[in-house]
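In the two complexes that follow, subunit A is the common piece, with subunit B as its partner first and subunit C second.
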Partner chain A sequence: MQVLILDIVTTAAILFAVSCGLLISFGVLKIINFAHGAFLTIGGYSALVVTQMGWDPLLAYPFSLLVGLVLGAAVERFIVKPLYDRPLDAILATWGLGIVISQVITIVFGRGVQFVQSPVTGAVELFDGSYSVYRLAATGGAVIIGGLLALLMHRTRLGLNARAVIMNENLAQALGINSSSVRLIAFGLGAGLASLAGAIITPLSSVDPNMGVPWLVNAFMLVLVAGSSLLALLIGSVVLGGLQLVISTYGSPILGGLTIAVAAALLLRIRPKGFVLD
Partner chain B sequence: MSRSRPEASLRGRLAAIPSRRAFLGAAMVLASAVSLPAQAQETIKIGVPVGLSGANSVVAPSVVQSAELAVEEINAAGGVLGKKLELVVADDGSGAAGAQKAFDQLVFRDKVNVLISMETSAARNAGLPIVSRGKVPFIYTSFYEGRSCNKYLYVDAWVPDQQVAPIVDHFMDKNSAKTFFLVGSDYAFGRGMLEFSRKYIESRGGKILGEEYAPMDATDWTPIISKIRSANPDALITSTAGGAPNVTLTKQLRAAGIDKLYGNLAVDEGTAKSMGADATGIYISASYLTSIDSAENKTFLAAMGKKFGSGLKTPNDLSVPQYEAVYLYKAAVEKVGGTDAEKIIDVLDDVSFKGPRGVIQMSKQRHAPLTMYLGQVKPDGSVEVIASFADVDPGDQCPNLK
Partner chain C sequence: MTDAAKAPALSVRGVSGGYGAAIVVKNVDLTVPEGRIVAVLGKNGMGKTTLLKMIMGFLPLHQGEVHLFGKRINGEPPYLIARRNIAFCPQEQPLFQDLTVGENLRLGLFDDDAFEAKLEKVGVHFPFLPDRLRQRAGTLSGGEQKMLIVARSLMASPRIMLIDEITEGLQPSVIERLAHVLAEQRRAEGTAILLIEQHVTFALAIADEYAVLNQGEFVDRGPANAADAAERINRHLSI
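And then the complex of A and B:
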């Protein structure tokens, strides 16, 4: 039972880390960034570069965040911004971008599965058994990311502007908020967080050109039920991630793989606001 | 409610994934068809439908390379009955839809004389009806879950009956393991291998504590690992899809501190090597390992190294049978004195070839008795051969075919 709770907590934390970048860009830009999976992949390969250069494995996290931020900002300026007035086309553009990114990665790094050095390895004695140290460390990482994001959104001028744009972009503009730069920062931050999450999942996962794809679907469903609220995303990660884990454990992992998508769809049917409280 | 419309269109975009794959597949088929100009009738055409894209894309290049070497060697020595061999490679996308296109193209448009290829089970099953319609001999060179029978099909790679026994016997006899836990990916090969393993272990008096399957693209094995931990078996046997699932399972097992006897039915030498320390101690069972100490293997490896240089994909248990199958087909054509499909089918079980894996003859109900090697991964990533088992019988695969 303790192990199950531990599994739920760590799974929810990883889901939260993987989804929060998508939530930030969706909240401000009102478009789902379908290149999110590709940015996760970029983070994985950023960590791979750190390993290949022989740098300290801990450097993978700031490095992947930086790579994601820069590339995300560039994408916003050159691909998404020209399509502000055509949101569906912008979504399609991010979809295409995801394909381009994974093909470019294939050309540069090859199709094969690669390996990243992990900063911590092994297991720790906990309750009546051993537990993966890295899953616990990743949970800590997710808590820090969530905490910093909450501070950024609720305790800074930038966060205030972003929340204003989320609520009513036209009104925010009328009040002198430069919504264009808020959009740039939000999209870049979203991509940076995706890339960071990609680096975080690499020690648990393999690095290959499609590593982000399975995560994209779950992140997408979680953002649909969370709207643009970090708190709702946290609740969604715990509830849906926990449900997935319970079904995988007591039912079958094959059904577990469908849980988040099916449960999110059902929830939206019953309660269109999803996990948004207000 | 306002959210439902964009959501529906987003779902539509998700549904568009397969068509992207199919498009890429088609593009690659076109590319490969263009790069091999059609020649006059004096060549014997060998069709190679293979997964250049999709799940098999990691291993497919090594398969194509070994076929290229076989064809080059045979042509340099004067060809077959005075005719040159010609390879026609088509991408099957590693799946059923791509395979139908690839087989259709090879059989009916390119009119190949024979199909020789390593493919996924899904691709093979989709291609077989086309093979029956086109009446073309088909030598399947991938190990698989067994019992695929068709008048035109021969197989020169292993089936579970040959591969599982060495690992289970070693665990039970040498390590006195009594309880087992089985983990696989949810597809024909994963389930077929573990089903056979379960029967074999139970027939030997062992106990199965659990049998779990995860989706093919699973990246998180947490619930299964927790079940393994609470079941506490003596040994673990896994049969996942190749590549990523295999890697993620192994890494997460190691990260969770599970250090049981670990037999992996789906890992190849190259993947084990690149996994590094996480793969240490894993037992693998194969009909080919690069460390096989025979003159034929050394000659083969030297020739591969010379032909492909730094671009060489390490030869493996999927690519070497491809090389040998080309020679087996050559022997059959020479025996028949032509390429008539019905006659080739009649003699393919009579001919043999001594290749890197030893003497190969597909003499048992369209399958081949093989020498199997039990290996263990060392900390430096190399695979040490612990034992070999000569001429392991494939068992009753196709009792209705001779």
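And then the complex of A and C:
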């Protein structure tokens, strides 16, 4: 039972890490970035590059974050920004971009599955059993990401400006806030966090050009039930991630794979605000 | 003295515009000298708010020019106009309801370091604000929300304020307090104010000049202290 609870916690933490970047960019831009999964894949391959270069595996995290930030900012400026007046076209553009990124990765790195070096290995004795040290470390990483994001959004001027743009962009502009800059930073940060999440995931699985696709679906559904609230995303990650794990463990892994999408759709039918608190 | 120093706070020259092909404001001229209060009155749908949106850059001008302290601003994005010592109090969705009172006030400033000093200043006018910084703005009463809007505008010590129907739905005591605060702001800091209003008594109590907008054109204007000002304005508003 204790191990199951630990599994739920670590699964929720990883889901949160994968989804928070999408939540930030969706909250500010009001556009779902369908290239989010591709940025996650970029993070996975950034970690692979670190492994292939023989660098310290810990460098995979800052390196993937930086690559995601830079590429995300470039995508916002040159692809998404010209389409702000056409949100549907902007969404389609990010979807197309995801395909292009996947193809470019295939050309550069090949189609095969590859593995990256983990910064920590082995297991630790917990609750009369053993548990993966890396899963625990990844959970700690997700907690740090969530904490830093909460601090950024609620304790800095940039975060206040971003929340103002999320709530009422016209009023924010009337108060001198350059919403275009806020959008650039939000999209870049969202892509950077997706890439970082990709680097966090890779030691748990493997790297391939389509590794981001299944994560994109779950992240998308979690953002739908979280609105633009980090707290709601955390609750959603715990509840729906936990449900997924329980169904996968005691039912079928195939059903487990569908759990988040189905449960989120049902929740939105019953409570349109999802996990957003009053 | 430079041209900019001599220039009026706001000058609107031959401005026309509206929403797409629909022209709502037609060839309007309006000047707000520094340290003066000008009230623009008119019925609903006459173009008052549209004029403000054009001044603030939210709507494009079909023709004409807008100058702020001698500097031509039409064509600039709203956030740059807002950084030119201008405070805008919109009528529609004027507050961030889910942010706290303190956060709404901070958004009136460009420099957080000045927050405490500025809070002390607006706290003189609105003593309830410093005690309720952590309260969500949307949970304030209607009158308190209007006072918060004005307080946020005062945080940056603007040289000009554009205020859109601030008295709408307010009880007389709150209107009286707002009139006192705005008159005091003009007296103490020489702030120019463009008031968009339907509340004739309030407008004439603090304004130096009035102008009546009817179907996008000014049809009457004059000194606010003229003996027949209220009668003339009411005649236009009742037609």
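Heads up, the rule we're going with is that the second predicted complex is superposed on the first by the 278 of 278 C-alpha atoms of A that agree within 3 Å, B and C clash if a C-alpha of one lies under 4 Å from a C-alpha of the other, contacts with A are read in each partner's own complex, and residues count from 1 in each chain.
Just so it is clear, contacts are C-beta pairs under 8 Å (C-beta built on N, C-alpha and C of every residue); 3 or more make two chains touch, one makes a residue touch a chain.
Keep in mind that this is a model prediction, so the values were computed, not measured.
> Quick one: name whichever of subunit B and subunit C touches more residues of subunit A.
Tallying touched residues of subunit A, the top partner is B.
> Between subunit B and subunit C, whom does A:88 touch in the aligned arrangement: first, second, both, or neither?
Only subunit B; A:88 stays clear of subunit C.
> Check the residue A:217 against both partner chains and state whether it touches subunit B (first), subunit C (second), both, or neither.
After superposing on A, A:217 lies in contact with subunit B but is clear of subunit C.
> Report for A:115: first if it touches subunit B alone, second if subunit C alone, otherwise both or neither.
Touch status of A:115: first partner only.
> Name, in rising order, each residue of subunit A that touches subunit C in their complex.
Counting only subunit A, the residues touching subunit C are 157, 160-161, 163-164, 167-168, 170-179.
> Under the stated contact criterion, what part of subunit B meets subunit A in this complex?
Subunit B reaches subunit A through residues 1, 3-4, 6-7, 9-10, 13-14, 20, 57-58, 186, 212-215, 217-220, 222-224, 226-227, 229-230, 243-244, 247-248, 251-252, 254-257, 271, 274-276.
> Which part of subunit A faces subunit B closely enough to touch in the complex?
The touching residues are 3-4, 7, 10-11, 14, 32, 34, 87-88, 91-92, 95, 99, 111-115, 118, 121-123, 129-135, 201, 203-206, 208, 210-211, 213-215, 217, 220, 224, 245, 248-249, 252-254, 256-257, 268, 272.
> Please give the residue numbers of subunit C that touch subunit A in the complex, ascending.
Those residues of subunit C that touch subunit A are 56, 58, 77-79, 82-83, 88, 90, 93-99, 103, 106-108, 110, 112, 152.
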